[in-house]
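Just dropping this structure here.
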Amino acid sequence: MATRTRLSRLGLDTGKKARLHRILHQHGLRNGTALFLPYDQGFEHGPRDFFANPDSSDPRYIVKLGVEGGFNGIVLQIGLAEKFYWDYAGEIPLVLKLNGKTDIPPDNAALSPVHASVADAVRLGADAVGYTLYVGTPVQEKDFAQYRQVRADAQELGMPLIVWAYPRGWAVAAKGGNDSFYAVDYAARVASELGADVVKVNFPHPEKSEGVAEQYVGTDVSAQQAIDAVVRSANRTLVLVSGGTRAGDEVMLEKARESMEAGAAGLIFGRNVWQREHDESLRFVASLREILAKYDVAP
Amino acid sequence: MATRTRLSRLGLDTGKKARLHRILHQHGLRNGTALFLPYDQGFEHGPRDFFANPDSSDPRYIVKLGVEGGFNGIVLQIGLAEKFYWDYAGEIPLVLKLNGKTDIPPDNAALSPVHASVADAVRLGADAVGYTLYVGTPVQEKDFAQYRQVRADAQELGMPLIVWAYPRGWAVAAKGGNDSFYAVDYAARVASELGADVVKVNFPHPEKSEGVAEQYVGTDVSAQQAIDAVVRSANRTLVLVSGGTRAGDEVMLEKARESMEAGAAGLIFGRNVWQREHDESLRFVASLREILAKYDVAP
Amino acid sequence: MATRTRLSRLGLDTGKKARLHRILHQHGLRNGTALFLPYDQGFEHGPRDFFANPDSSDPRYIVKLGVEGGFNGIVLQIGLAEKFYWDYAGEIPLVLKLNGKTDIPPDNAALSPVHASVADAVRLGADAVGYTLYVGTPVQEKDFAQYRQVRADAQELGMPLIVWAYPRGWAVAAKGGNDSFYAVDYAARVASELGADVVKVNFPHPEKSEGVAEQYVGTDVSAQQAIDAVVRSANRTLVLVSGGTRAGDEVMLEKARESMEAGAAGLIFGRNVWQREHDESLRFVASLREILAKYDVAP
Amino acid sequence: MATRTRLSRLGLDTGKKARLHRILHQHGLRNGTALFLPYDQGFEHGPRDFFANPDSSDPRYIVKLGVEGGFNGIVLQIGLAEKFYWDYAGEIPLVLKLNGKTDIPPDNAALSPVHASVADAVRLGADAVGYTLYVGTPVQEKDFAQYRQVRADAQELGMPLIVWAYPRGWAVAAKGGNDSFYAVDYAARVASELGADVVKVNFPHPEKSEGVAEQYVGTDVSAQQAIDAVVRSANRTLVLVSGGTRAGDEVMLEKARESMEAGAAGLIFGRNVWQREHDESLRFVASLREILAKYDVAP
Amino acid sequence: MATRTRLSRLGLDTGKKARLHRILHQHGLRNGTALFLPYDQGFEHGPRDFFANPDSSDPRYIVKLGVEGGFNGIVLQIGLAEKFYWDYAGEIPLVLKLNGKTDIPPDNAALSPVHASVADAVRLGADAVGYTLYVGTPVQEKDFAQYRQVRADAQELGMPLIVWAYPRGWAVAAKGGNDSFYAVDYAARVASELGADVVKVNFPHPEKSEGVAEQYVGTDVSAQQAIDAVVRSANRTLVLVSGGTRAGDEVMLEKARESMEAGAAGLIFGRNVWQREHDESLRFVASLREILAKYDVAP
């Protein structure tokens, strides 16, 4: 099992450390691990994501679920944060997602525009901000320019910065795709090099190797070894592993276990949680918490 | 019949609440519903929209019609607001439309540039600002960037923000078109996620399903069910349903009834109102008011 | 004959009203009409425009001609304003043209970049600023963005804003061309909606109807009816009709008469004035003044 | 022989006049004419320009040559100005060239990015700034936007502005090329209209008339008549004629004579000066000074 | 052997001189030469660069190696500088690399976006900043615009500026490629003209002459003559020669010797150092130091 870096070794300024401490040690399991509930799919994919469980269309239902499920934080875009978080302010940490896009135009030159500022996050009492960085996109200079401002503002205001490090764009598609081991590994590293405090990655797929960098080809890497490497590439950046589209529970729990074993700080599961009935959601969350409970890390 | 959310549950800051209260409870029917008169078609489509009723070319005629018809607000671009609103200032709330474009170049990468600021709205005594967001356009990052500044300024100055959430662009055209249920539903959600206080939508067409997201295909959704869903997707964002191009009165009144039944806050009808003689306009407005009168909502 | 709106009904702030009053009632015929002398053709078309009368190449000659001819204002770009207006400062109002372009690259995506600020106009003692807005161009968002800043600065500094409202670009070419009735009518309206105090239009051509909006097709509109409509579309925006390329004197004087009859505030004639010998220029100007003298309007 | 305009008639503010007086009347021949030594070719063309005389690669050698040759100014980019001018500060006026580009990518949409500010020029004790404006390029709006800032800063800081007015880009190539009489004449006018204090032009070629504006075709214009016209088009903007690529001495001296006869303020010769041995350089400079000595102009 | 310019002759302001003195005379061999350890390859190429020596993936390992090897500085991107430099702050100078990009999209219009500011470098106690300038790229105006801000900030804050002057883009590829003598020579000059204090170049290849400027063709230039010329083109800009991809030790040491003989200030070797076991790395570094020890230069 990989060792976990304590908050005090990450080179964090006071404000960031205080807020991450609140998220990791004063919410959820309070053991230094994290379980986040992301809820920006209505924007990223549209209301179609709510058809499986119509209740999930209502932000109030989701925020309440976050509280009931004992999550370490809920992730919202500015509009829903303003309209719904006031009801539960303080009961669950808020991660204000600062950028996002619809999935209507194609993704080959993906860019996720910024919709809110770090100052908005401070105003709303958030404990972290989220930013989607599309690693490898042909318009990376626009993305990096946006990101740079967010990073600088977060540094100035002591706000932890969670980077959704997502390989994307036609050049990525030609080099193994969005979730190849090569691409996910690279994305984790980019987030670390560019100052993310926390990085959200998709689970890496070592079998997707067509077109990837030669060093990633022809080696017989297991899923565990791949996620191990990704966490290593992130070095002192805390890693959250994403659930992605809904899949079978056993598969998801296995991924969760492998992620934590690799040294990840936690999980960020949305559709796998709320695309089912309320009580089933809570049962699935309980299984995730059971896993996280095994990976205590001191502050 | 859907329940209507009261202003006090929307998470609004003081200034926005004061101004929305003025619009909804101190003008028009003063019962919490709204009827708006938009008058930016001379810019969006050109003077051709005034050929059906030449008097309608004169902004003074229209502002006066707004007062006579008991509208909750009139929507003007900066130039007409400066030249004509002073005559009737205070008699009818002003919604300053902040962006707009001509219809001369094609719409496949539609973007509606900003022409005035929220500060201009404050200077002119407006009670709300309007912004057209083209959801799904390939140049969405430019649109979102403009919108973000408007949203931030509106937040800072306590000015209610009405978003014209219009699906547009070649990618939308390829996925069911501008007024498919899928597209309108998505647009309503985007406005809510991005911080609109009020969203203006077109009436959704569930029968337009070629190319839309699979969840919207093959279900037998009625017009009422579609508009119900759109209002639900907007959650705590007040919904205004648009009249669009002029159509038969009975069709329009039926849409109005269905919209209000779905939980919309009101209607925004322009060409259907003023593309006819003065007295006919007022008669049609009276029918709309009759509908709205049935949907009282407390402040 | 159309009624003329008095300055006091235009909703103008103090500074704009003071400066327009100076131009319209303290210069030229002092009767509320206006005759402007534009001199930016050396930039817009190059020195070739001066070959017909080599003296016209010298800005000093032109400014003097403006004084001698009793014009209400002379229009210059920043460079010539700085180098030549000091000699005659105060003797004739200066309209500082803020944007412009060469005619070397093609016009299909025309944009006229800004070269000077409203503050420059204040510094040089100008009484108005001019801005060319290319209505209908595919790059309209850049144009509108520039224009917006100019409009805001002019509002702040009390400087009257004259908009050269010129239909332009490939989409306009495909819908009847730059001077169709449809396009000129639309352009006049756009200027009014976007806050121009004065709009400069080309004389509309109702016979150019191929590709225009259907409302403009198949009606038998006279030249007088067309310019009447254009002035109506401009509503409370003062209209100046442009001379354009040099044509026969009788044709030009007839256009001038029709324009004034339609309710225009005045004329703006350059090449038709100075592409001939000095004394001939003054004689032609005298004919124009004769026409304007018939259209007194009180302040 | 054309009359020369005195500094006091140019409408200059105090700082610009003081600095131009220093350049024209306190350096070089001190007779109101000017001879400049440009040295940005290492950037514009690369070190290949130094192969003819390897010593010329060393900026120190060139600055010293400028002092020895009695030039009115030396033109440097920011890097060389910072590293080499301190050695000779005050002994020869510095013209800080504010923009420039490599010649590696093709020129069809030429743009010369800004590398230093007018404030940098003030800090380094420069007496003028230089800006390359590519007249007629399809990206003219970017160029004009850059230029506008430079012009405004120069106006604010009283710094004379020398514009390298160079026709460039594919549209120019299709209309007679970079140094046709038509293009050079237009470029000189543009610089004057846009506020240059001094304009640097290439010698015009009336024989290049394929594709130029019709007014320039079929007339039998001599070299002298062409440069006369160009100087006239520049009106109160001082004209410097450029040497360009190295050519035979007699040809260059003849061009110099014709330029001065036309009313140019002076010459700007680089490669023709330093692409030869040190003493030969000084001998050629002496010939140029001999010409300039005949064209005294009072301050 | 070329003479080396002393710091006091470079025209440096106080802060830059103090920091360069610290790097060159108070670290490493303390003899005025420099050996830098760059570590941004995880961002520029991805984690694949660490496969040859898995330990090298850990930034802590590398910073420690920099200290142990007696380097004059370590080069890090903002994220790793924040997370890892605090541990060793002051023990080895930090060069904060301000821009960078992934190698996923192709390089034909390469641009390296800025990720951190000079103020970040000050905050972290860095002694220099690094900027990659892609000389000859078709998007050079964006690159130059970024660079200009960095240069101005570095000037204001007294921070030495090291420019990675890298020929890149399709136009370079068509003119001999990234490391032809022509391209490297041009790049060194550009850095000097634009105000770099130090320039990092790749070793020039005179044999790559297809498509280069004619002056570089057909001459029989040795490797030593080529690097001599490059250093001369950089004039008073200190030259660092880059190691590039890992090659045989003897080849690398020979390049190092030739570079120092040509007058370079030092070397910047990354992969050649750390793509091997720890002790082998130190042995190779010792060989490099042996070479540098022969080129003392007084402050």
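Here the chain labels run A, B, C, D and E in written order, and each chain numbers its own residues starting at 1.
One rule holds for everything that comes next: a residue touches a chain if its C-beta (ideal position, glycine included) is under 8 Å from a C-beta of that chain, and two chains touch if they have at least 3 such contacts.
Only a predicted model underlies this, so the values are computations on that prediction, with no experimental measurement involved.
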For this session: Kindly list the shared contact partners of chain A and chain D, in label order.
Result: E
Seminar exercise, completed: Touching both chain C and chain D we find none
Problem set entry | Size of the rotation, in steps of 5 degrees, that lays the CA trace of chain A over chain B | 70
Exercise. So, what's the distance in Å between the C-alpha centres of chain D and chain B?
Worked result: 57
For this session: Mind checking the centre-to-centre distance between chain A and chain E? Centres are C-alpha means, answer in whole Å.
Result: 35
For this session: For chain E, write out the residues touching at least two other chains, lowest number first.
Result: none
Problem set entry | Residues of chain C that touch chain D when the two form their complex | 40, 42-43, 46-48, 51, 57-60, 77-80, 82-86, 100-102, 104-106, 111, 113-117, 120, 142
Problem set entry | Complex contacts: residues of chain D adjacent to chain C | 10-11, 135-138, 140-141, 144-145, 147-148, 151-152, 167, 169, 171-172, 175, 182, 185-186, 189-196, 213-216, 229, 232-233, 235-237
